[in-house]
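All chains are identified by letter, namely A, B and C, in their written order; residue positions are counted from 1 within each chain.
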């Protein structure tokens, strides 16, 4: 384990050669500059813009807290957008993880042709997200898609899927499950990495299958599960592309002249996530000041989440790797 | 992890914040070049140079525009027009807002941008050019003029328009023994219910008319003229809640939906063919009547030439019969970007596209959109079929209405549309309260953008 | 947690296993039935897309499952009538440049953060973690304004250039890898009088090749599949469209053109799958090592 720099300087250290330090600065400089320009500056600038009214054409105009007042009391869509995002945070990643774990579990037990199975389940995650969304919306089209046609063969009346406000999010969840391949591969490796002797010891102690899973398997793969959960939750917080493309394609509406933003959220605002609403306000309505206020709120929520995270999760501890 | 916040660190952080704020201010203060603002006393005798035209058309329609552009170049040797096609409103705004001189003339699909672009000067004020060159504005109807200017500032010229009317399938009418298209909403509903057929399992096979909001061209704006529905008052605030017509129209529509059944209509609508494909439900006969724009005649001629159909002004509600013959009109608008380096050339192109009769007729014929000057509308070269004549008449009707430009762009129509969809689903509550809520939402939106 | 036996992940099922006593035949059949069903469900969408790509546009709107006739000309149509090569070229340019720039800027930075004692190293790394986990929309507006004033919107440059100044996720990943390089090698090289730079290039980088490959894969495919970035910066300029964005634009004034879209989807899929088959080893190693080490 590497000790942090703070502690290292507390004990007498050999004098560092000057060129070591210059080297370090030179190697780090581009990244530091990058952090400054693309992280620190925009964060502060967003805060600044959130107190202005700015449409990019004329200079920004200071309006104090008016954006925030509108955000919390008058914006008709922001809270439903936040709820939609929350839905994805709560449901999408956990379901994906469970599914990936189950499939990985099955593959771990399969002896022959495991590489073949793994390829089949991994392949969908290689598909560019836009392509997979478009394909799914097409397949689940209530009138002309193959899925409803096959259901009809079994005598089931196919639902409206992406065109039904109450089914659109679950439909995207199906898509999320379809592309769980990269998560599954990680889980598979973790499962296979569990020391065999622990299983044997458990067997000797008389543990049955379920107990082995609970007492041997799970504790060993928890770090990987946690890592996937965290990155998945962060991804859900910013969920944009799949929902935006699904709305656009499912609405089937011609976009003549008006742009992407007119179809966001279809059907009936059910797929409008927080980041899409930010996009609409900022880049379709050109209310960049208001969009900045939305961004600041997003930052506060994400930061709060991160603070909790960084305290708890070892993997993100800058002290070192486990 | 140790973090000692000494005064030194605190000062550094403060300095950082101040620096970033200053950087942000500086960056945004330079809001792009403004091309020369002065308008020359006289139009130049000869035009030369390059001018760029950004528009939203694609494919076949873009080639129609290209034809007209070629004519302009032929009339003005020494001028090259750089055309950027497929540019929707979002993209237009991005390019104008960047203040670049890449764009001279921008042609927008809708009037959504007029409010903002006129009030901020992103599109130049055209009045000096109009006065200097003595452009005859009386050629353009009051309604069309009203949607191409904002609060007295004329920053765009209209170029072609869309008009909506009722389309009806003559064969289906004949089968049922109906000879005349409906003139009132009640007649429309009667005929529609008569022509509606069901499958054995109860689902809809054919609709006389689909009242479902959100299908194809069923929008509040298009239905509004049936009751003369007013959108905004003179101050730019919502006039929806206080208008007499909207509640009448909304109640009629909801009753119609309930008569057939909301769920059935929703399922039927979701399974209909795409609006601009050959599977359009009116083309296939799944809809006996529908409301649509004049461009539909071109699509029918192209995709369903055997369809025996007629057109008529859209019916009006009881108590609003004097409005019959009018309809909804809105159109493309074009302006000169403020960053344009060659405004005289841009104006020449813009004037050509919006007032030259031959150009308008050519575009009107190619795109099957309605021209916006009287001269072009009455031109013998304009191809007018029997069905197309309806649209010309509506365009010339004095009571034909539009949706006014606003600082919130399409925000107010979207707010009303969202509520109407809730109302039709039965979740909209009390109508009067709901409309008051729509007013509030729109007014709040306007306040957000219109300054302290 | 480290992977001790890479054999296990590259060829699952070949690692030494304890003898499974009592594992019934029925268990085996049940497991494999489930696997088969799932596999069919997972492959089905791709099969449907492939079949649809061979249908005529009119037929795509019907419920037919099999094309009739098999219109192979669709592929030629799409290649000929769309700027497909340009789109692929843009995607390639974006992905390759972003990856190369990332390597140039992030590898040294990650090494310093991992192996060199400098003041505030932890703070810097913490900031990097926050930058990595923060939704990009939080910083999108001011960054967009900045590029707009620099007149670089309408291109993919705002997406490519920032990688010259490091990429947070890559730095995070690479640092974790560099941490596993035993310091003894570095000290030995220093004793031999090697410069820090030589240590980095001759000792550290060769030892961390899997890690660098993993970071490169993430960067490459992240850029290849990026939709939000091009939407924001390149949408008004079709000559800069990457494939990921172009695919979503086949809803022109006439509704979604399913036939062409599906054909294009297949064309987009094929290179990705091909690359995967050739680089399978690196792929899986990279994904796994990153997920497990992170």
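The definition used in the following text is that contacts are C-beta pairs under 8 Å (C-beta built on N, C-alpha and C of every residue); 3 or more make two chains touch, one makes a residue touch a chain.
Since this is a predicted model, take the numbers as computed values, not measurements.
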Chains adjacent to chain A and to chain C under the stated definition are B
Taking every chain's C-alpha mean, which one sits closest to the mean of all protein C-alpha atoms? A
What chain pair shows the greatest number of contacts? A-C
Roughly how many whole angstrom separate the Cα centroids of chain A and chain C? 15
Averaging only over C-alpha atoms, locate the centres of chain B and chain C and give their separation in whole Å. 41
When the centre of a chain is set as the mean of its C-alpha atoms, what distance in Å lies between chain A and chain B? 37
Which chain B residues sit where two or more other chains touch them? 1, 24, 28, 32, 90-91, 94, 97-98, 273-276
Multi-chain contacts in chain A, i.e. residues touching at least two other chains, fall at 4, 6, 41, 45, 49, 56, 143-144, 252-256, 260, 283, 318-319
Please output the residue numbers of chain C that touch at least 2 other chains, ranges allowed. 61, 122, 126, 142, 145, 148, 235, 252-256
Which of the residues in chain B end up touching chain A in this complex? 1-2, 16-17, 20-21, 23-25, 28-29, 31-32, 56, 88-91, 93-94, 96-99, 108-110, 112, 116-117, 120-122, 266-267, 270-276, 338, 408-411, 415, 418, 421, 441, 444-445, 448-449, 451-452
Show which residues of chain C lie in contact with chain A when the two form their complex. 1, 3-5, 8-9, 11-13, 15-18, 31-32, 34-35, 38-39, 42-43, 45-46, 48-49, 52, 60-63, 65, 105-106, 108-109, 111-114, 116-122, 124-131, 133-145, 148, 162, 164-168, 171, 176, 179-180, 195-197, 200, 221, 224-225, 227-228, 231-232, 235, 243-245, 247-248, 251-256, 258, 261-262, 265, 268-269, 272-273, 276, 280, 284, 287-288, 291-294
Touching chain B in the complex, chain A uses residues 4, 6, 40-41, 44-45, 48-49, 53-61, 63, 66-67, 70, 74, 76, 142-144, 160, 163-164, 252-262, 268-269, 283-287, 290, 318-319
Write out the stretch or stretches of chain C touching chain B in their complex. 58, 61, 122-123, 126, 142, 145-146, 148-149, 151, 153-154, 235-236, 238, 252-256
Touching chain C in the complex, chain A uses residues 2, 4-6, 8-9, 13, 16, 19-21, 23-24, 26-28, 30-35, 37-39, 41-43, 45-46, 49, 56, 103, 106-115, 117-124, 126-132, 134-136, 138-139, 143-146, 148-149, 178, 182-183, 185-186, 188-190, 192-193, 196, 199-200, 223-224, 227-228, 231, 234, 237-238, 240-241, 244-245, 248-249, 252-256, 260, 275, 278-279, 282-283, 288, 291-292, 295-296, 298-299, 302-303, 306, 309-310, 315-316, 318-322
